[in-house]
Structure formats: C-alpha cells, structure tokens
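Listed after this line are the structures, all set down as structure tokens.
Two complexes come next, and they have one chain in common, subunit A, joined by subunit B in the first and subunit C in the second.
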Partner chain A sequence: MSDLDRAIEQLRACRLIPESQVRELCYKARELLIEEGNVVSVDAPVTICGDIHGQFHDLMELFRVGGDVPDTNYLFMGDFVDRGFYSLESFLLLLCLKVRYPDRITLIRGNHESRQITTVYGFYDECIRKYGSANVWRYCCEVFDYLALGAIVLGASSELEPTGPPIVNETQSSMPLDDDELETEVLNSRGEVTMSTYRPRNRSSSDSSDTSRNISPPRDISAAPGQTAGAPLRAGAPGTGASSDGNGSATTTRTGAVLCVHGGLSPLIDSVDKIRLIDRKQEVPHEGAMCDLLWSDPDEIEGWGLSPRGAGFLFGGDIVKQFNHLNGLSLVARAHQLVMEGYKEMFDGGIVTVWSAPNYCYRCGNVAAILELGEDTSNGGTIARSNGEYGRSNGVLGSNAATTVVSPGRRYRVFEAAAQDTRGMPAKKPVADYFL
Partner chain B sequence: MAAPQIPNLNTLRRGRGRGRGGSQRTEEGPGRTSGKDRVIQGTDNDASVSRLSAVRLGYLDDPYAEALTPAENAVRRFPIINRGTYVRTTAIDELVTRFLGPYTPQSVPKRKQIISLGAGSDTRVFRLLASRQPPDVIYHEIDFAVNTTAKIKAIRSTPLLQRAVGITPSNDEVSLSETGDALHSPCYHIHPLDLRSLSATEDPSKIMPGFKTELPTLLVSECCLVYLSPTEAEQVLSWFTKALGKGADVTGTANIETPITPLGLILYEPIRPDDPFGRTMVANLATRGIKLQTLQKYHSLGAQRTRLKEQGFISTQAAADIEFIWEHWVNEQEKERVADIERLDEMEEWQLLARHYCIAWGWRNGIDPTAFSGWSTLPSQSSEQ
Partner chain C sequence: MNTDGRSLRILPKLNPQAPPNFITPGKKIHESHDVSTFLVSKAYMDIMTFLLQLNRSMFPSKLPNGKFQDWPLHSDAVQFSAPVRQLQGLLGRVEDIITEVPPDSGPRRFGNISFRKWHQVLTDRASELLREFLPADLLEMRSPNSEHPSAEVELKAYFLGSWGSGQRLDYGTGHELSFLAFLGAIWKLGGFPQSADGVEERAIVLGVIEPYLELVRTLIKTYTLEPAGSHGVWGLDDHSFLPYIFGSAQLSPAIHEADLTPEEGSLPGAPDPGDVVKPSCVEKERKVNLYFSAIGFIYDVKKGPFWEHSPMLYDISGIRTGWGKINKGMVKMYNAEVLSKFPVVQHLPFGALFSWDRDPNAVTPVASVHSTSGPQTRSVQPENEAPSTTVRPNTDASTRAPWASTEANPPSRARPTVALAGSRHEPPSFTSTLPNTSRLPPGPMAPTRAPQAPTMRRSPPGGDGPTKAPWAK
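Up next, the complex of A and B:
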C-alpha cells in the first residue's frame, strides 16, 4: 500500500496526517492543478456537489449516498473549508483523492478557498489548533490558488434511466406518455424515488410541458444505516441527441454542455472563453471577473444587481438565458447559496444551485443534495457536440439557430446530516451558537 | 459599604428555588441552586461573550463590556452572530432611548424607571446612566443571586463602572447587602431575586427596595422570560402590571380606582420553533439542557402581540423579527458601516437565523398618554408570516 493510500485510509477515519505529508501532498496537488485550465473539461457521467464546509461526517454520508471514489466520477464546486469543525480532514481527503485519482475527481475553487476568508471563518484557526502553526494553512492556501475556476461537463444524456418505482403509489398524476422521457428524478438517501418529471421526447425544453409528480417531500426521516449506495449511474438512452425531430422543421436537438462554477456569472464574462483568459493563480481578488465567478448569485431580477454580500453581483434569468444561448450551454450548475431542500432550479431550469452541507453549521436544519448527470451513449460514446464554444461566432440573441439545446437529465440525491457518533470516528459534539 | 438597613433578601426567598428555568421547586431551599437553573444562569455567559466579540470588532461602542466579561472567556464570534448581537442590542437601545426621550437636565425631575429582568452582566445601565448625568432614570436589575453577586463584585473592582452609575466609595447613599448580592443607590438597584418568587409578595417595596410605583416604567426581558414556564412568565408580568396600579384585566377594562402607571414591555425572544431551523434550535439547546419553555406558546409575532395585549399592555402591541429590524430600523449609512466590518459570506443563513428572533413591544398609557409616544413611529411587521 502506498503512502498515499495509507493517507487516504487515515483521513477517511477522520484522523489527520503528519505535517510533512501535508506538505508533500500539497506540492503534488499543485503540480497536478497547474496543468488544468481555468475551465476543466469533464465527461459525463459525473456527480456534481456543492459546498462541504468542513462537515466531514456529512462528506462521508455524501460518498455513501453517491458512491465512492473512484467508482463515481465527482465534481466538487468549492467551499471545502470553513464553518464546520473538520475543514482539514475534509479538504485533505479530497486533495488526496484528487492526487490518487486525478481523472475521477475534479475540484474547483469556492469563495472560501481564500486566505482572507479562511482567517475569519474558521479554517485558519483550525489549522493553528490542530497543527500548532500556520504552516499547513499556508500549504493549503497555495493549493487554493491553483484550483480551477470552473468546469464544463460534456456528453451528458438528456434522459435518465428510471431508478425504479416511486416509493408511494401515487394516484392523482398520470403516468408518462410512451413518448416521454424522464428528465429529472429526486431520490432520498435510501435510494427511493420521491419525485420525477418527464418531458416529451425530442423537443426542446422550452416548449415541453413537464409532467411533475411530487410524490413526497424529498426528505426522509432517518438514513437507513448499512445500506450501500446505488451503483454509479449508467443512464442514457438511444434516440436522443442530434437528430431531427418528427415535426418536419429543421430544428435539431442535442444535450448542451453544463457549466459548473461556485458562485455564478460576471458582467465581465460573456463567454466561457473569457474565463479561460483569467490569470487565476492568485488570492481571490475583491472585484473583477474571478471574484464574480466565486461570489455572484442568481436572483429574481432583470439584468444585473448589487450583491448584499458585498462581492460579486446578482444576475437575473435573462442574463442566464443569454449566456447559455451564446455558449451552447443547457445549464449552469453552481453552489454558494444555502437551499433548504438541497437543490434549487431557477429560470426554467437554466441554472441550478446544489448545496451539499446538510444541517449547515449544525444549525440550519436543511437537507443536502448532489446532482448526477448520466452519460449519453447514443453516439457510441463519442463526445463532440457542445464544448462551451457553440454559438460563439454568431453571437446574436434570437437568431434562428438551427439547433435546440436540451438540458441533461438530472438525478438529485437528497441526504441528511450524518449522525456524528455512528461511524467510529472521533467527533466532538459541535455546539452551534445562538442568541441567548 | 456595609448596609445593615438593607434586609437580607435571601430570607424573602425561603422555600423557593432560585432558578428561572426549573419547574420543580419544592425541594429546593434557600441558597440551593438546581442544575437546570445553573444552566440557565450560564446563558448569560453566551450573551456577554457575544457582546464582547461585537464590541472588540467595532460593531458596538461599549466601554463596559470588557469589565463584565472574564477575559479568559473572550472568543471571536462568527460575523453572523456579531451582526445579530449588534441588531439586538441597538434595537433595544433604540426602544429604551425613545422611552426616556431626549436628555436635558430639565427633564431630571420627571424621572422614569426601567426594570431589566434577568439582567445578568448586561452593560446597558452603565451606558445609559453615563450619558444621563444627573440621571433622569431609576434602573433596576433583577437576577439570580449568583449573577448579581458576580456583577456587584465586578462593579466594586472597576472604577469605570462605578463612575458610570455615579457610585463612589464616599457616597453614603450607596448600600450593599451583607452577602454582596444586592446593591442600592439613588438611580441603580440590583435585586437578587428569583422572578418566580415575586408572586408570593404583594408589596413591591418589601421585595424591591427603591421601586417606585408612580413612575412611568419600562420592563425589559432580553431572552429571560422564555426560560420560565408559561404560567410563571405570565405571573411575573401580572405582578408588575398590578404593582404599578391595577392596570387592565384581560378584557381590557381599566380599573379606575387606583391611578394606573404607564407601563411598557420589551421582549427579545426566539420564535418560529416549528420549521427545520427552529426544530434544530430546540434540539441543539436541549442537548445543553436549555429549554425555551414559552417558545411553543409564543411561537410567532402574532402570538407575541396577543400575549402583550392579554397581559395588559393594551394601548399598543407590536413585533418584528431581527431581519426586519436590520432592514427597517438601521439606516443605510449604518448598515454600510456594519457590513464593512465583516463581510457576511452567507445571506441565506443570516436571514434564517435573524427570522428566528424577534423583538416585541407594547405598552399601556395609564394616566399619561404621552409616556410611550416615542414608540409609536417605529416600523413593525403587521402581518404574521
């Protein structure tokens, strides 16, 4: 067993590795990350995760629900550290996995992967407390500077393979028509389907009338202990993808690429290519494109607005629609905002927030989610169509594009906070602050 | 500073527990403190540590916070907690200031009275009296003897605190109980009292030396009554509404035989226990042994307003959660100043937290319809969400 495998084993048990090993790990990780572009290309199938925030036990629950590395291909959208009590264990484990399985896990930068923020929100103090000096914090911050700013997921299938029958035999809603394809599915942590939506096959998402069947809230009372996670997703069905539909029009449909960033869009960035031009190897600046990508939030407004966070911007549905159209994207996946249900789609499914820290700060009472995108196998596994550069040259909104971009099939796995004392890991009972 | 003229207040508590958190009280003799009560007494430490954190970072200007929080307890709180501490403190300050009105030496003869329930290590009295000399207000603090003893000890060892409230060693108007748990001066009284024992006594002057039944009075419960049982909390408020004139009964009919003293109440309490955040809060506090006993009964802004009305604060009842108060009471310039101290990383979390605490305020005019006129223009949340 290699040192790296031993380190992984140790960290999985929530035990820290020696400082010298952290130093070596961070050095290796930097060598690896420096080769990555600002926007990493990731092939489906992939499981997209949001904020972790040092909630180590919940990260283990995430792996239980979503499958282990390297069986499942993961994309983490930043905010690994701060707030929770196990930022070190969480980040170092993810980093070890990155070094060990570089093609099976992608890490992009969140606004908390920053020197300034970590000194306020806990990671710095945790490093001092656990290692006795700021050395490890410094090594980690140097890694932060090399993390990619975004990722493009290619080759996702527009259709999900149904997981199984819903947990409740629900009466009021009609079953999908023969020609419908499964667009979204929500599963609880026991792998039971709690909601599914369908859309007519071979139509663009904008003119489909989705059938939504809400069977039960995506929340289960207790996670079933000992249950293993479902096998890695192998969805994808023939018949979707780049073929003409039956309506006789010239329109073709295809599954667009998915852009993943921690925060959101920037008024300084109108194409994915512009992200590629940023000089990212630095502390997160207070303003500018790089700051915006890590700090911005979607909001029910038109155009751009000032962010109450004091960094980044608010952006409306029109901005998302235009950005997706110009870049041949079908979806922006981002994290950064606490959502009580674990995920939240906005703007006709043009953007989704994925939040993966259940009971955030041991106080908020929310559930968490991860988003699985399946692989489109209809073209024999070839990936080409959309790489985030689509439409770059035509550049005009409302032009009669001959291709309709269809959003990928989306499977959300919702999970709750892990009981801290059930995994044989050391766990100091976390104390949440209140006003007393 | 020995004060033989002050009765030993411990004797007044015979047969009662000292805590405001316990419901069982029969076995507890004087001087005994139940475990539950100790837990509730400890909540004062949470508040004072949070206050010191907010002061050190510049959210609040409070020269007295250092003296009333043991240095070894000092912790830097997260920005979200600092902001909450800031809003809670400045909101109650605003209500208190509006109650007292602008200070002029001419206003001194028209004094008013403030009674802080479960005051603990609160610094408001020092900030207030230091800015109003000679004082136009008589300030009473009530808490467990263990908390009042600690506070009096801090005052005795800190000239800054003494100067703020006009206590000097040579001042013969200042007296201290033998056990060091009660302090009396012309404008500042510290009463070592279990609030649950109030209802046993009819005569306020016996149990609270310096208490004036004729002065317009403001009661402040900053996260205090919530630890009592609903019945006990009601009894505490009823005791004051009765002690300050018969007030009004539940139906709102005033008893005109005795002059009714204007009386107002400020409550600062958690609300909304039934959503995921609220349920988590209740469960987390329960693991620390803290039970918010009235939370279910006064679970919403509407329930708090109804409570105020039913308890005799018949003239006006209002309530707002901390998020609303941040949005509507804090002016834009001040909001910017506070936001610049520490950047909040997470707005949703702030809204979630801030919506689970409220300030409720209400009053009865009694014989003076202008006593609380300063409160009438404060924005409040009218509809219940």
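Up next, the complex of A and C:
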C-alpha cells in the first residue's frame, strides 16, 4: 500500500495526516493542477457536487449515495472549506483522491478557496487549532490558487435510463407516453425514485414542446420558427467547437454541453473561451471576471444586478439564455447558494444550483443533492474534443440560426445529514487567550 | 465602595436641567481604522461602563448571615421598577407584531421574507410605541432654546437597531449591542430610578434583557433569521453574546458590595461548566440561568454533537477555575470580538447620548493595531505570512459582510489582553493593548458576503444594474 493510499485510508476514517505529508500532498496536487486549463473538459458520466463546507461526515454520506471514488466520476464545484468542523479532513481527502485518481475527480475553485475568506470564515482557525501553526493553512492556500475555475461536461446523454417506478405517484411527476424519454429523476438516499419528468422523443425543432427548450435569446426576433428547420446545425460534441455536420444529416437536436462553475456568470465573460484567457494562479481578486465566476448568483431579474454579497453580480434568465445559446450549452451547473431542496433549476432549466451540505451549519434543515449526468452511448461513446477552439462555429451558424439544444438527462440524488451517533466526544482543547 | 477606596464606576446620568443638543445619531465608523477612534470615544466608555455595571449586578450577593443571595431568572428577590415594567410592555407589543405578520409559507432559501414586513411594521410604529411606554419628559427632553430635536430621535435609533436586518434577514451581536445602547440611553436620560448595590441593574438584566433575548429567539425561529456574520462552528454563538456574560456572572462567587469582582471560582452549588454537554442539565439550568438559556437555544436549533457545532463553547466548558474565570474571559472577548470588530460596530450610530467625541481619559491604543483593519483596496494575505499564530476565538458578530464595507484582514499577533476595565474599578477606557479584532464576521450561513468594498465598485454592463437588483445597496 502506497503512502497515498494509506493517507486516503486515514482521512476516510476522519483522522488527519501529519503536516509533512500534507506538504508533500499539496506539492503533488499543485504539479497536477498546474497542467489543467482554467476550464477542465470532463466526459460524462459524471456526478456533479456543490458546497461541502467541511461537513466531512456528510461528504462520506455523499460518497455512499453517489458511489465511491474511483467507481464514480466526480466533479466538485468548490467551497470545500470554512464554517464546518472538518474542513481539513474534507479538503485533504478530496485532494488525496485527486492526486490518486486524477481522471476520476475534478475539483474547481469556490469563493471560499481563498486566503482572505478562510481567515474570516473558519478554515484558518481550524488549521491553527488542529495543527498548531498556520503551515497547513498556507499549503492549502497555495493549492487553492491552482484550482480550475470551471469545467465543461461533454457527452452527456439526453435521456436517463429509468431507475425504476416512482415510490410515490406525486402530482409533479409527469406520466410518460409510449415514446417519451426520461428527462429528470429525483432519488432519495435509499435509491428510490421520488419524482420523474419526461419529454417527447424524436421531436424536431419545429414542433418544440413544452418540455424542450429553445435556447435562442428571447430578443432574437430574427430567428423565426419557420426558418430554423432547415438551418445548418452543429452535430459535433457541444462545447467543443467541433462543429461540422458529422452525420451528414440535418440533426435537429443535440445534447448541449454543461458548464460547471462555482458562482455563476460574469458581465466580462461572454464566451467560455474568455474564461480560458484568465490568469488564474492567484488569490481570488475582489473584482473582475475571475471574481465574478466564483461569486455571482442567478436571480429573478433581467440583465445584471448588484450583488448584496459585495462581490460578483446578480444575473437574470435572459443572461443565462444568451450565454448558453452563444456557447452551445444546455445547462449551467453551479453551487454557492443554499437551497432547501438540495437542487434548484431556474430559467426553464437553463441553470441549476446544486448544494451538497445537508443541514447546513447544523441548523438549516435542508437536504443536499448531487447531480448525475449519464453518458450518451448512441454515438458509440466517442466524443469529439477540441480544447480552446470553442465557439469558432458562431460565424458559420449565422445570426438567424436558432439551435434547439436538448438538455441532458438529470438524475438528482437527494440525501440528508449523516447519522451522528457514531461520533465520540473528543478531549477539550485549550481555551482561547481570553480565558487564560 | 470598594476596599481600595475607589468607587465602582456607573454610567453617569445627564443633568436634566442642561441636556445636550440631541441629534439624529449618525454613522461614524466608515472604515476599519475608525474603530480605533471608537475605542477612545465617550460612547465606547459609556457602553463598556454600562455593560460592566450590569455584569457586576448579576454576581450573587453575600448576606450578613454568611449565606448568599443569587439572582436566577424569574427570581422573586428582584423587584421590577415601573420603567422596567413599561419596557416589558414595549417588548410585548413588539412581539405582537409577529402574529400580525406570519412567516411566508412559500418557497424560500433560508431567511423568511416576511421578516422584512415585520421590520417595516415595527419601523412605522416605533415612535408611537416609544411614546406609549417611555415617559414623555424623557422623550421630549431637549436643550432649551435650541433647534435640535428631542431625545426621542436618539432613543429611536438604538431601539430600531435592535431587531436584526430586514434587508439581510439576519440578526447578530451588532443588533444586541444596539439594544444595550437603547437601555444605556434611557439610563443616561434618568429613565431608571436611583438605587443602590445593583438593584435597578439586576431588574434591567432580568426584567428587560432576558425577555428581549427570548423575543429575539422567537424572531430567529419564526423567520429563520440567519446569523449576522457566522464563522460557522468557529464562533462563540451564531447570534448572541450578552447572555454568556450575564449568565456566567450569575454562577460566579458571591460578593459584598465592596468586593472586587471575582476573577475565578464559582458559587457553591453552581452547575459545572462541563454540564453544557448534558441535555438534561441544560434543560434544568436554562430556566434559571442566562448562560444556559443561550446554550439551550443552541440545542433547540442545532442538530449534531455539541462539541462539533459549538467547539468554542465546548472548550470553555472545560475551564476548571470556575464561572468567575469564564465571566472575565467573556467580557474580554466581548470587548475584542464585538466592540472592536469593524463589521459589528460599524452600524452603531453616534449622537449626543453616545458621543463620538474623544474621551479625555482614554489611552490611545497602539496605533498599528487597528490601522490595518480597514477597508482597503486590497488586503490579501502576504504570501508567506501567517495571519497569526495564536488561537483566535471569534465570535460571529457582524451584521455585515466580510469585505463588503470592510476588509478581511489578517488578525494581528497581538494577544487579546484588554483590561477588564470597570469590573476592576478602573475607568473602562484603557484599551491600550486591544487585539486586532478586525476579522470580519462573515456573512450568514447562507450567502457569503465579500469582505471588500461597501459600495459597488463598478456598474454592471447593461446600465440597469442598481435598479434591477432588489438587494443591492
């Protein structure tokens, strides 16, 4: 058993590894992360996770519900640390898994992966308390600087393989017709289906139904419905710039790529390529594109708004639609905001918030969720990839081509906080100076 | 009188014959270096004096027969004066607004949007309520021949600051501080009767502050208010601080009127500090003790092992030198983590009652201590510099953002060695070695707020930024 495997075993048991080992781990992680682009390409199938915030036992529950690494391919959208009691154990475990299985787990940066924020929100205190010095905090912060800013998920299937019949026939579940395909499914932590939605199969862009989404911007009046049927459409893997009409036939629908980012969009970023141009290897700035990606929130507004957080922006449904359209995306997955149900789709499903810290801060009473995107095997499983060429096809498409993009099939696994009875009471630590 | 001959300092009352020029209290703490100005102001001196005066009154009293009298919640031994009963009436009416404005049952993130309406109703009704429950001569006090408003404007500002933020749907120690200032303002205006040996102070703590804390807890639960500035598990408490001060005093050794305030030891028969982890003890003690009532509220709202969601309180529960020691530490910590924290005190307004003027007896704090803690264009940690190497407790506190309007700065290495002023019978103004407490209480558990600029740095493209963002400043 390698040192790394031993460290993983130890951290899984919620026991910290020695400082020297943390240093080595962080060094290796940096070597690995420096090679990643600002926007990592990830192939489906993948399980997308939101904020963890040091809730180690709930992270273990997440792995129980979602499958273990490396059996399941994971993408974590940041905010591993702060607020919870086990930021160190949680982050170091994820980092070990990243180093051990670099292709099976993707970590992107959240707004809490920052020196300034961690000195305020608890992670710094935790490092001092658990290691007696700031060394480990410093090693971790150096890793934060190298984390990617986003990820693009490619090759997700538009249709889910049904898990089984719903355990309850809730009214919000739509009943499938014969040729409907399963679009979304919500499962509880026992793997039972609690909700599912369907959409008609084989629809064309000209008979868009309620459950499909035309992601052209609402103000794009030049794209009259009648014109779209014969318009050239990209058939390459979305989000890659592989835009040739590979099948030689007029494919009218495709599964769009999914952009994953911690916070949201930025007024300074109109294409995924622009994210790739950021010099990310630094502390999160107080403003600018990099800051916005980690701090912004969607909101029921039009256009852009000031964020009450004092960093990033609020952005409305029109912004999301336009961004998705221009970038051939079907979905933006993000985290950053507590949602009581664990996940929340907004703007006709153009964006989803995924939150993975159940009973946040021990008191919010929320459930957590992870989002599984399945693999599209209809194409033989091959995925055209082309990093950095993204968006080149815009000129070909022309302004009057409205692309109907099918969103990926989405399976949400919802789970609650881990049971507490197995946690013993530790020895009391020395109190703060005030009480000496 | 103390054995050392110095008198216990109490908050001086104004001369009603020569009242100052009252003004609508205004914001003075704009940047974090203003906190050091606050710490040598008359307002700081007055607030600290009042706090220590209330604190001392909660220590049990030695009786001539060798026994002692303690001051549990709902004690028959504490008589409520007419002004205290009036304030209870005021709190009752504030509470009644909850029934008028039930929580919204629709989808929500965390904080309940109806609290905004609750807050608005209170704001609309504040003047009327104050006139109903406070004496007219107090509200209408004004300096003769002046165009200044009456004392009501000052009282109202602190009263309205006591009930959380309707905008952010949160509540924290900054709001609690405002209520303390409200009571201090009434005290300064002569609204409480003269008494000896802490009699009226005890009535204020048990008769007004305790019901206020209970009401706040009801608000927090009803509208699921977020902690204003939560450090998550690494803060003392998500919302309050005062009950830990007064509650530890209740369990400290009994004193004579002339005794120094004890710095260690416990009242015979007091629960063990370690009992905070025993739910059955907490259930029993919360009925009679402020410290345990706060712990009990944590049990009410949090699920999970106590040592995990409240590690700081857990560690404090291991103190072997008694409740007197805990009390002393809590006062120091309040000074450092509430009164000296920019995000908390920045919202405290200053007028004639709590004056921004420099206290002539104040000793200037070490200049560097707070000078680094203000809003700065950029306050990133020096690459290889640890913020501090001491264990730094932090209370949640702020009613605001981390770097919004402030900074987040590296805590200094200064040890929190603030003098326990008044309780040591010395002017509470010596703040000489105040720790840098500039750590920004982060946003609520829901959204993290940025520790940077208070005002938006740039307009979003599209031009319709501010008007489209409902919560933007």
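Basically, the second predicted complex is superposed on the first by the 349 of 436 C-alpha atoms of A that agree within 3 Å, B and C clash if a C-alpha of one lies under 4 Å from a C-alpha of the other, contacts with A are read in each partner's own complex, and residues count from 1 in each chain.
Note that a contact is a pair of C-beta atoms (placed from the backbone, for glycine too) under 8 Å apart; a residue touches a chain by one contact, two chains touch by 3 or more.
Because the structure is a prediction, the values reported are computed rather than measured.
Trainee: With both complexes overlaid on chain A, does A:Ala419 touch subunit B (first), subunit C (second), both or neither?
Mentor: neither
Trainee: With the two complexes superposed on chain A, say which partner A:Asp299 touches: subunit B (first), subunit C (second), both, or neither.
Mentor: second
Trainee: Could you figure out whether subunit B or subunit C reaches more residues of subunit A?
Mentor: Ranking subunit B and subunit C by residues of subunit A touched puts C first.
Trainee: Now for A:Leu277: first (subunit B), second (subunit C), both, or neither, which partner does it touch?
Mentor: Neither: A:Leu277 stays clear of subunit B and subunit C.
Trainee: Just checking: does A:Gly54 make contact with subunit B only, subunit C only, both, or neither of them? Give me first, second, both or neither.
Mentor: second
Trainee: According to the stated criteria, A:Pro308 is in contact with first (subunit B), second (subunit C), both, or neither; which is it?
Mentor: both
Trainee: Return first, second, both or neither, reflecting whether A:Glu126 touches subunit B, subunit C, both chains, or no partner chain.
Mentor: Second partner only.
Trainee: Output the subunit A positions appearing in both contact lists, the one against subunit B and the one against subunit C.
Mentor: Residues 82-83, 111-112, 117, 120-122, 297, 308-311, 337-340, 359-364, 429, 431-436, which sit in both footprints.
Trainee: Under the stated contact criterion, what part of subunit B meets subunit A in this complex?
Mentor: Residues 43, 46-47, 50, 77-79, 81, 84-85, 88, 223, 270, 275-281, 284-285, 287-288, 290, 339-340, 342-349, 352-353, 357.
Trainee: Any idea which subunit A residues touch subunit B in the complex?
Mentor: 82-83, 111-112, 117, 120-122, 297, 308-311, 337-340, 359-366, 429, 431-436
Trainee: Per the contact definition, I'd like the list of subunit A residues that touch subunit C in the complex.
Mentor: Subunit A residues touching subunit C: 53-54, 82-85, 111-112, 115-117, 119-122, 124-126, 128-129, 133-135, 137-138, 141, 267, 283, 286-287, 295, 297, 299, 301-314, 316, 336-340, 359-364, 417, 420, 423, 425-426, 428-436.
Trainee: Give the list of subunit C residues in touch with subunit A in this complex.
Mentor: So the residues of subunit C touching subunit A come out as 107-110, 167-168, 227, 230-234, 238, 277, 301-305, 307-309, 311-312, 314-319, 325-326, 328-330, 332-333, 336, 378-381, 384, 386-394, 401-405, 408-411, 415-417, 439-443, 445-454, 456-458, 460-462, 464-466, 468-473.
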